[in-house]
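What follows is a set of structures for review.
Both complexes shown next keep chain A, but they swap its partner, so chain B is in the first and chain C is in the second.
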Partner chain A sequence: MTAAPALLSVENLTVVIGGAAVVDRVSFEVGGGQVVAIVGESGCGKSMTAFALMDLLPAAARRTSGRIELSGRPIQDLGDAGMRKLRGKEMSIIFQEPVAALDPLMTVGDQLIEAIRAHHDLDRAQSMAHARKLLESVGITDADLRLKQYPFELSGGMCQRVMIAGALAGQPRLLIADEPTTALDVTIQAQILELIKARRAEIGASVILITHDMGIVADMADRVLVMYAGRIVEEADAFDLFARPRHPYTEALMKSVPRLDDVPGTRLPVIEGAVPRPGSHGPGCRFADRCFLAIDRCRAEEPGLLPVDGGGRRSACWRRDDVGLAGGPA
Partner chain B sequence: MTGFLLNRAAQSIVSFWGAISIVFVIMHLSGDPTLLLVPEGATRADIEQLRHLLGFDRPLIVQYADYLFQLLRFDFGASLIQRVPVMDIILSRLPYTLWLGGCALALALLIGIPVGVLTGLFRGRLVDRICMPIVLIGQSMPTFWSGILLILLFAVELRWLPSSGAESSVSVIMPAVALGALSMATYARIARTGVIEELSKEYVRAVRAKGVSGIQVVLSHVLRNASIPIITVSALEIANLLAGAVIVETVFAWPGLGQLAVQSIASRDFLVVQGLVVLGAFTHIGLNFVADLLYGVVDPRISLSRRDT
Partner chain C sequence: MTGGAPGELLGLTDLAVHFTGRRNWRGRYPPPVRAVDGVTLAVGHRETLGLVGESGCGKSTLGNAVLRLVRPTAGQVRFDGRDVTAATGDELRVFRRNVQMIFQDPYSALNPKLKVGESVGEPLLAHGLADGEALGRQVNELLDLVGLPPERATRYPHEFSGGQRQRLVIARALALRPKLIVCDEPVSALDVSIRSQILNLLMEFQQRLGLSYLFISHDLSVVRHISHRVAVMYLGRVVELAPRDNLFREPLHPYTEALISAIPLPDPIQQRKRHRIILKGELPKPTAPPPGCPFHTRCPIAQPMCREKVPPLEEKRSGHWAACHLRN
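What follows is the complex of A and B.
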């Protein structure tokens, strides 16, 4: 675990939609300059966690508990006006669908200027010059042409670069990347990840990287949070996690990534079943029904997220000592 | 953009040509148009004379060419009843319908759109729950019925407003309300749906994530995006106002084009009816052209995507 003081500290965060918790008593920290990945299948509460941090939850969702500290300052009760000063300046977010995240009727330049002017007192010409610099910083050539174009005239990868440029306009200390490459071509994915890495390093920001792709986690993350059905089920340094998962869900996620040394013709292991709908799980571990290690206790009693192996590593599994040994699921 | 406009202008001209040709065909399809025009009890000699006078004894193609050239000069012929050019009759009535339609449209836009935007922004809240049932009532009331209710209340019971005619400056109020109520409800619903749909889009969250205030998001993003369906509906709504004027002008004895149409049909003054139908077609096509033009102004995807073609 890094010795740097935590940039972001989240304690007991719960988000409810229609009476069911989609994010359930989640606690974690993000250190300065750290890349923390939140991993899990669709519907695990990863994006809701991110939106809750920015106070940008959809209308149907509500945060019912949780303490969120940014640089030691509690921000959970700031309200919209207070959060507005932080958004884009202290913390930024980029989204899964870059084309949908840009206003279709506004030029790229105007959208960047909007981001710049939200936090800087610049006139239009100065903002435009700044916007051009931002586009160049994310590797867009022909910046002058691009500034005048509309999102529909740009490719998805190009739109994501524009989003990144806008998100970093205020030099935030925390960048939340919500599945930033999921909607992009494979060849573009690597470029976008490289760009996030490079820009992150330049401005010294921390990153919360939300993904379901263990390959991206291995490539980018310092620390990993594995989420399942609204709960964090495992937390570990990335290196330790890949060395030995301590939760059957983590292990299953890893095994469902295709590897070059797989024997050709064998089927890729999949996790049978689906994430339980919020509020529909029993009293025990939420993963029990899909878990190959489940015992009676798992269905009766929910395991706590308890330290394992030292180094701030935690796992919520009654059989944490039996996970990650030889002889897991085929 | 220019190419797009030229394209649409050409399409409009073709549509208009089609519409006036259909009017011509209908006039001649129903047999001898002279028989439609003569009053009852006319002698055979009268009919022959009128047929020759109007040129209906010439070959059809000559008549068609003549008809087109007349229209090009805005000449609709002369009314058989009033013995004055149809154009003069229409022009004398047009200001009344424009005034009534304009007031109704202003009412519909100035009340309908703000109500729609507010109920959309505060969906499920008090303002939404109060306004939407009223909008629904407005939309469910046929104009002829709401018109009569208005007359009973404000003219008969309260005696605040004249029941009919256009003599007083306040005469326009009741017909405009009756005519505009339906459009108002339509605008409110379209604006509400548009705002709700835009608010749920990802770019709204993305703009807020930049640190832009909620009101700014609505003013500079949501309203512009939600205006596209409003433009679409406007072309239809304005045309509907003109059609609705036929009923409202009859109920309130308002001396506009709608009343003229009803009177001309009753007195079989078919050249006036023909002139009104051609004018109606021209208005519809013109409004749709203007709507297309506005799309191009509001939405770059429409004007620019045709850049290369």
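What follows is the complex of A and C.
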């Protein structure tokens, strides 16, 4: 991370559902113009972290601690009215299910106009012209037709473009993309990732990219946070992370997925067992029961997220110095 | 091997599945959805044929047509040398004993009101192959086979994780000792750390039990890992078919090429210097497929002739088939 002050700084964020912490004492920073990926499997808390940042947590979830600063200004206690001014203008979010995230009863044009007029003092005709420009900026060619259509008339890829157009309408400084391409086909995924890259560069926004796909991380991220069972277990520069993981979970995640350049037909390394349910883990490291490096200490005592290798790199593992060497999970 | 080769277990010739919609207020039918449009394929003994393509390309419909869950509009399905396209009664029952299916979503594939042992044993009961104590014994063996403790047979599906449920679905598919299993996106709904467990299990059973798989997936990395040969579908047609290594090393069809290049490699150094082919536009509607080559609307190398003539699936190299006018 550079010396410049962080755009977003999160400290000690905890989100609780039904008494169990689904996001547990999470701290990280996002620098200006940076793409930070949050990786992990379902239930690791990556989406809840994003919702907490936007103050859009589902009714069952509650933020019990955490300081969130955007450009040095604490925003965690702004409340509904305050957040509404921020959303879209300072920070925006796009979701995994683009078709479900749009209002089915409003035309694309009306939804975009709503987003535009929340932040600009424009009349309907002017906003419609602006909406057309927005659609064109996300590569939609027949913008006039699309503005009059409803979400169900559009494909998933097209809906995601509309979401991105809406999310970037206010030129936010931070875009949170929650699994933006998981519901899309690979050729459409490639289009959307290129689009996010291009638009991000144009408006100079930072991006928090939430994904479970290490390929997308390798393609997009400057920095990576790996989450497991509500905790950040590793944080690193993207190139450093792939060069040598410093947490056994990261390593296992990388190795257990078939890749286009592996040896076909061979047994894949396996992470045995399953993620513990929130609140059901023991006192030690939450990954210990599935870890090939675990020692007694790992089950007894939770490792802190501590610096390793310099460069702001951190790992929460008692055996951080033994990870990523030859051998590894099998 | 596309047609009726000697090693074939399952053979499809010019298989088509068209869905006709409802009549409109004028009493006219809308154009049919040509979900599968003239597919010729074969799966050999102990072979895994990967079937890839994007949503809406017809790959799941093809799988369903093989099992006769939908009725083919035209063409032929052969199994073990017999034409089963119009099989009924006992013939269909025997066929379905030999061919089983694993679905994408293990959450909806198991009856929530049945104990999992009952679900796993149901095919045996339905085919009259075991009951009473013998059934219980076989269910226990099946659970053991897929790595689940037999004493959990009396539990209900909601007590199992996604990966465990997929193991149960596999156990049920194995109950009748089939020769072929149609796997429709069997790991797509699972978390990445669980996928490798299930893929290993499928590969292991192929070795041990001599199974063949028709493995349907949109994930090329997974298909490459598990398949011996791979067929690529686009808008209801097979556009390329080749042994795995040939297909991934030297794809001939521009669509296959774009698909492979669109998958991000989990290695930032390689990925960021990689040339990526970004296809323009989206999949055309299968109700109104474009004339000529179905891919020409998005093809980066399309020529005027591609708009006019449908390219046939031709053997361009030994065992390597592609449907493209321009690639030879």
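By definition in this document, the second predicted complex is superposed on the first by the 327 of 330 C-alpha atoms of A that agree within 3 Å, B and C clash if a C-alpha of one lies under 4 Å from a C-alpha of the other, contacts with A are read in each partner's own complex, and residues count from 1 in each chain.
By our rule, contacts are C-beta pairs under 8 Å (C-beta built on N, C-alpha and C of every residue); 3 or more make two chains touch, one makes a residue touch a chain.
Being a predicted model, the structure only gives us computed values, none of them experimental.
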Quiz item: After the match on chain A, would you call chain B and chain C a fit or a clash?
Solution: fit
Quiz item: Does the superposition put A:P283 against chain B (first), chain C (second), both, or neither?
Solution: neither
Quiz item: With the two structures laid over each other on chain A, which partner does A:G79 touch: chain B (first), chain C (second), both, or neither?
Solution: neither
Practice problem: Determine, for the superposed model, which of the two partners chain B and chain C contacts more residues of chain A. | Solution: C
Exercise. With the two complexes superposed on chain A, say which partner A:M163 touches: chain B (first), chain C (second), both, or neither.
Key: first
Practice problem: Return first, second, both or neither, reflecting whether A:A238 touches chain B, chain C, both chains, or no partner chain. | Solution: second
Quiz item: Does the superposition put A:G19 against chain B (first), chain C (second), both, or neither?
Solution: neither
Practice problem: Determine, under the contact definition given at the top, whether A:G310 touches first (chain B), second (chain C), both, or neither. | Solution: neither
Quiz item: Who does A:I93 touch here: chain B (first), chain C (second), both, or neither?
Solution: first
Quiz item: So after the superposition, what angle do chain B and chain C open up at chain A's Cα centre, nearest 10 degrees?
Solution: 70
Quiz item: Closest pair of CA atoms, one in chain B and one in chain C, after superposing: how far apart in Å?
Solution: 5
Quiz prompt | Set intersection of chain A contacts, chain C complex versus chain B complex | solution = none
Quiz prompt | In the complex with chain B, residue positions of chain A that touch it | solution = 51, 54, 56, 58, 80-81, 84-89, 92-93, 95, 97, 100-106, 114-115, 118-119, 150, 152-153, 163, 166-167, 169-170
Quiz prompt | Residues of chain A touching chain C in the complex | solution = 41-42, 155, 157-158, 185-191, 193-194, 212-219, 221, 238-239, 242, 252-254, 256-262, 264-265, 267-272, 274-275
Quiz item: Along chain C, where are the residues that touch chain A in the complex?
Solution: 54-55, 161, 163-164, 191-197, 199-200, 203, 218, 220-222, 224-227, 244-245, 248, 258-272, 276, 278-279, 282-283
Self-check item: chain A contact footprint on chain B (complex, rising order)
Solution: 200-203, 205-214, 220-221, 224-225, 298-301, 304-305
